[in-house]
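Heads up, the next two complexes both have chain A, just with different partners, chain B and then chain C.
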Partner chain A sequence: MSAIITRRMLTIVVTLFVVSIVVFLLLRLAPGDPATLILGDTGNSARIAKVRAEMGLDQPLPVQYFLWLGHVIRGDLGTSFMTGEPVAQALWRHFLVTLQLITPAFIISLLFAIPIGILAGWRQDTKLDLAIVGSASIFVSMPSFVVALLLNLVFGIALGWLPTMGFVSLGDGPLTWLQHIILPVTALLIVEAGILIRFMRTNTIEVLNQDYIAYARSKGLSDWELLRLHVFKNTLAPTLSLVGLMLSSLLSGTAVIETVYSIPGLGRFLVDAVYARDYPVIQGVLLFVVVVYAVVNLVFELIQPLLDPRVRLT
Partner chain B sequence: MRLRLRIVPIVCLAVALTACGQPESNSHSSNAAVHVSKPRFGGEIRVAISSDIRSTNPGVRRDGNTDTVLLEIGEPLVAYRNDMTVGPMLAESVKHSPDGRVYTFTLRRHVRFQNGALMTAADVKWSWDRLLDPKTGFRCLDDFDGTGATGVKIESVTTPDKWHVVFTLNKPSALFLDRIASVQCQTSILHRSSVNADGSWNKPIGTGPYELAEWRKGQYVLLKRFDGYVPRSDPQDGMTGRKIAYADRIRFVVTPDLLAAKSALYAGAIDLVFAAPLSALNEMERRAKDPGDVRLYRQETLDWTVLLMQTDDPLLKNVNMRRAIAHAISPELLTDVSTMGVATANTSAVNHASRFRTPDESRWLSYAPELARRMAKEAGYTGQPITIQTNRKFPYMFDNAVAAQAMLNAAGFNAKLEVFDWATQLSKFQKGDFQMSSFGYAARGNPALLFQNFTGSKAVRKSYQWDNPRAIALIEKFDMAPNDDVLRAEMQKLHALMVQDVPLIGLYNDKIIDLTRTSLHGYQPWAIGRPILWGVWKDATP
Partner chain C sequence: MIALPASFRRPSRIFAIVTLALILCAAIIGAFITPYDPIALNIHTRLIAPNAAYWFGSDQFGRDLLSRMLVGAGVSIRVSLLTVCAASIAGIALGSAAGYFGGLLDRIISGFSDGLLALPSILLALSLIAVLGASETGNIAALGIAFTPYIARIVRGLVVSARARPFVEVAQNFKHPSSYIIARHIVPNIFGPIIVLASHTFALALLAESALSFLGLGVPPPYPSWGGILADGQRFMSDAPWLVLFPGAAIILTLLCINLIGDGLRDHFDPRNA
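On to the complex of A and B.
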């Protein structure tokens, strides 16, 4: 097992190195200059050159890259061009916000979608199945920002029950935190739950058509025992890989929701940095997301053989 | 990204024009009963800002939102009034020597910093020495250190006594006070404890009516009333005059999506959205009538929207070609369509409300598509593509470009759009890498500063739009002008020359809509476009 983990870790390091080069080059090749953005319509050539020099952008590209890489290896992701704040510090702050958003969204999605998906598969081609699949299809097809705006209109403006924007950290008041995350978490989980429900339903139907299910039925197992002992376990294993991907995509894909609800999370941080051509921030955030993505998937990969003996790690 | 948009026929522009309203006065509210409430102290005013501030260091690490927040905290020696004349702020009075090189500021007494210290001439000198130190990173440094286009340099800042500060310049500068008053430059006088012992930035300790209480990054900036504030005795006027901080606190809430900010205002979570999205104008007007819990303010700003023409371009270096294009575009029609009738066309760098405006500034090339077609043909135009660069970040720039493209194509030109993100378009603007560009110049209190921003040699700065020796010679006279009359006459000459040379087509001064809850009173938008929050109070929460 340790050899496998070591091998996977080495793969992650190589991936990070490749990603760092690609991101670095793409950013430098993309049009747009952070110095001109800072100076706006007032910048003259000398002033722009001075600001570029302050940012280290006057150095040749390989020098810029290896300087940055050297700092990253020492744990220093650099300093934001726009705010002058250390990237690692800002990144961690924004990540904690996103974490407080995606964790409840992720957990609630699992708690609702897995049983509902199994239920739909179990009751395939019934009215209940039709209703669940229909709802899930609507959830999946609705863009998250539309869901967010609709929730805002109904629960924020028309009914006035919940705040339509802003964020309060869990540590600053659990109740206020809850009030502020209900709408964004709902907007996030609706789409994710839709995907998971459909996936679970398909897996359940597939499992139910297996010979060993027919055999179990013939042995006289009750519906509940059949679901608990055979269906749930065998549908969960393939779902794990999807769940891993879902968690990773939640981490990097919350920008729209964070923008609509004015939540200072990682996604909005990245989008703002892209518009501002804040190279150190973009590079730092993308590296971080890749690390999280790789680690999460590694963890799920390691868990999978425990649930499904047919899966072997190589 | 390149888009070809040929979907806006000129007929639609004409139809839309008939539906547009009449131009309105410079600033007014949609609700007549604006100031009926009796002023009261207390409460918190919540203002939406579209992005977080970049720092708390005025004039250094800045952008528009940073300026908006920090102008509540710090104050300069002089500041703009509502009519864009410069008036004393921390100074009691200003005198300059007959040769225009020496400015002597007499300071107000009893002004205190937010840490309780008395402001004296030594603080002014410390603040300016800091700004003029290249290590500080003051963004307007070249306006004052001789490296800018005008070559004006502060040679010394001296303090003959506790209440007088003398600035000596290397040459006369009639625009020196305007540069000090610039909202973008933010030459606030700060207490030396604003920086740490090692010279690094700590936090602003200014003299303004509000002080910094908390900056929760990415979420909000909270200011609290400075109880030791000593207001001026003259009436509130723009950035100067009597400033009364009615609210206990001001909270600037970071709200990247302005439509979400508008919704939050409807829900009562926000009190003011400045520069609210124009796309929601009709809806906001309906809301102002029923249920009537919001109020709209319309304000013509000094931000000037234009269509730039690259005079180095092989096709557009021919002045007759540029004139033909100008004849093909109606600034009035374009303005009405792009701004839904809320703005008035302005083809001059001198805005309508400026004291420098004369009837001459209204002269421009007539809208004559057939003449444009003929002139272009005579100039050798054979249907080559003319690209207009624009972006989607600023909707007005995109709308202007689409309308201009439609008008040009209707007059027989082959106009195309190139749509970039703002960073790319701005970078191309700085390099002069465009044929035509839908652009906007940020507000300058004095039109002379606006002329100086786009006139000059392209060999010095590629982003100079107007590289004409006669224009440059006129610009250089600005700082020598002994009074406003002379400056006005120079601007008249410049505009007349611009009509001949057509380096750009002026369209309109941007008109913004500020949206407030009706529980907010005393609010007055002004031409610089940044909200002023002293003199503003809020009804008690029921």
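On to the complex of A and C.
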């Protein structure tokens, strides 16, 4: 087991290495000299030369990369051009906000999509199945920001039930938090639910066509027991392999959704940094997202064999 | 009458083909058939609700929404199609080189594409736009780079399995150059899955493009794409909901058609799913 974890960690290190090169080059490919970018219009040539020397910009590119990497590994992601705040600190603060959005979106889409997907597969080719598959196909074609605007139009403007912008942290008042996250979370989870429903349906149909299901039926198992004992268990493990993909798409969604709802999360942080060409922040967000993605994938990969003995870690 | 392949003989997929064809027509000739000037400002026609003269209503600057959406269709579809072309060319080249030659080249290409796949493509594209600039070329380049690893990885897998087939061995024994074998023997044999992949990437690219222009990082005004029109309309949504409803519906409808056709293509090339 520990050998497996070590090997996975190595893969993560390689991934991070690749991303770090790309992220490093991002700043170097940017038009303009980084020192000039940092100082803005205020810098004279002497100050620029000083900053260049401090940042190691007078060194060859590979040396610069390893200097930068050394800082990153020690957790020093630089300071934001916009606010002067250390990037690592700001990242964490914004991530805690995003976490309060994507966790409920993730859990609700699982709770909602798994039973519906199984139901559609179980009732394959009936009117119910067609209706579910049809709505799922529409769901996956709905960009989160279009859903967000439609929800705002109905529940925010027409009915006036829920706020259409702003954010209150869970710790500052669970009820206000709930009011503020209902619309963004719904907008985020629609696409995820669509993907999951289709996936669960396909898997359910596959499981129901297996020989052991025919055997279990002939033993006299009721449909309910069949679904609970065989279908649910056997579709759960493959679903976990989708977790990385879902996380990735939820994080993509936050860039737009947090902008629509003015939520100070990671996505909004990145978008603002792109507007301001705040490269240390852009680099920090990308590296951070990759670490989160890699860790979550690792955890779920290790859980998988516990749920499905057929999956062996190699 | 052209006979439709079995995988497309479903009402939903026929609907998708017809609708997408109409949308593509609008994208190509839309800019020439606009009923009104899509850019000129007119204070007298501000925020008119949809009626017989202004089918989709007008925006806060008095511009006809239908005219703007016709122009916008051209921008959105062009950017996403060129993105798919760029990403497919780069992805097929890199993926087939990695899959065919293997070894160190494969490790480098696969290492890079797997690494980049850990980044959500929209976030990567956003960051690249900071470098490349919020322009049409910048968008195509950023999105193209963001989707290349995805295509490269899948093509690599397809090439690895195609390479093991006898006709490739025969071609190798004839001492054909590798580039010839890849282009003439391998790529045509994995054409089906590549088409399915391209249709899927088209949907992803359109989604990403509208998200970027919604964030104001797409093709700059006054020429709008659908995402940009939506972002403009957002501020006047409570007085003029049509500014959000029509462009929103256009994006959803187009994505739905591409996805339905993609499902059809998948069933067509993979009989197990039919």
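Everything that follows uses one rule, which is that the second predicted complex is superposed on the first by the 274 of 314 C-alpha atoms of A that agree within 3 Å, B and C clash if a C-alpha of one lies under 4 Å from a C-alpha of the other, contacts with A are read in each partner's own complex, and residues count from 1 in each chain.
Everything below uses one rule, namely that a residue touches a chain if its C-beta (ideal position, glycine included) is under 8 Å from a C-beta of that chain, and two chains touch if they have at least 3 such contacts.
Small disclaimer: the values here were computed from a predicted structure and weren't measured.
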A:V231 touches, of chain B and chain C: first, second, both or neither? neither
First, second, both or neither for A:V18, with chain B first and chain C second: second
First (chain B), second (chain C), both or neither touched by A:A105: neither
Touched partner set for A:L151, first chain B, second chain C, both or neither: neither
Touching partner for A:A90 - first (chain B), second (chain C), both, neither: first
Contacts of A:L119 with chain B and chain C, given as first, second, both or neither: neither
Touching partner for A:F269 - first (chain B), second (chain C), both, neither: first
Which of chain B and chain C A:S45 touches, first, second, both or neither: first
Partner chain(s) touched by A:I197 [first = chain B, second = chain C, both, neither]: neither
Set intersection of chain A contacts, chain C complex versus chain B complex: 30-31, 149, 152-153, 157, 259-260, 275, 277
Chain B residues within the chain A interface of the complex: 51-52, 54-55, 61, 63, 137, 139-140, 142, 147-149, 184, 217-220, 253-257, 260-261, 263-264, 266-270, 393, 420-424, 426-430, 439, 441-442, 453, 460-463
Touch list for chain A against partner chain B, complex: 30-34, 36-48, 54, 82-85, 90, 93-94, 97, 149, 152-153, 156-157, 160, 163-167, 259-262, 264, 268-269, 272, 275-277
Chain C contact footprint on chain A (complex, rising order): 14-19, 22, 26, 29-31, 134, 137-138, 140-143, 145-146, 149-150, 152-153, 157, 248-249, 251-252, 255-256, 259-260, 267, 270-271, 273-275, 277, 279, 282, 285-286, 289-290, 293-294
Contacting residues of chain C [partner chain A, same complex]: 12, 111-112, 114-116, 118-124, 126-131, 203, 207, 210-211, 214-217, 227, 230, 234, 237-238, 241, 244-245, 248, 251-252, 255-256, 258-260, 263
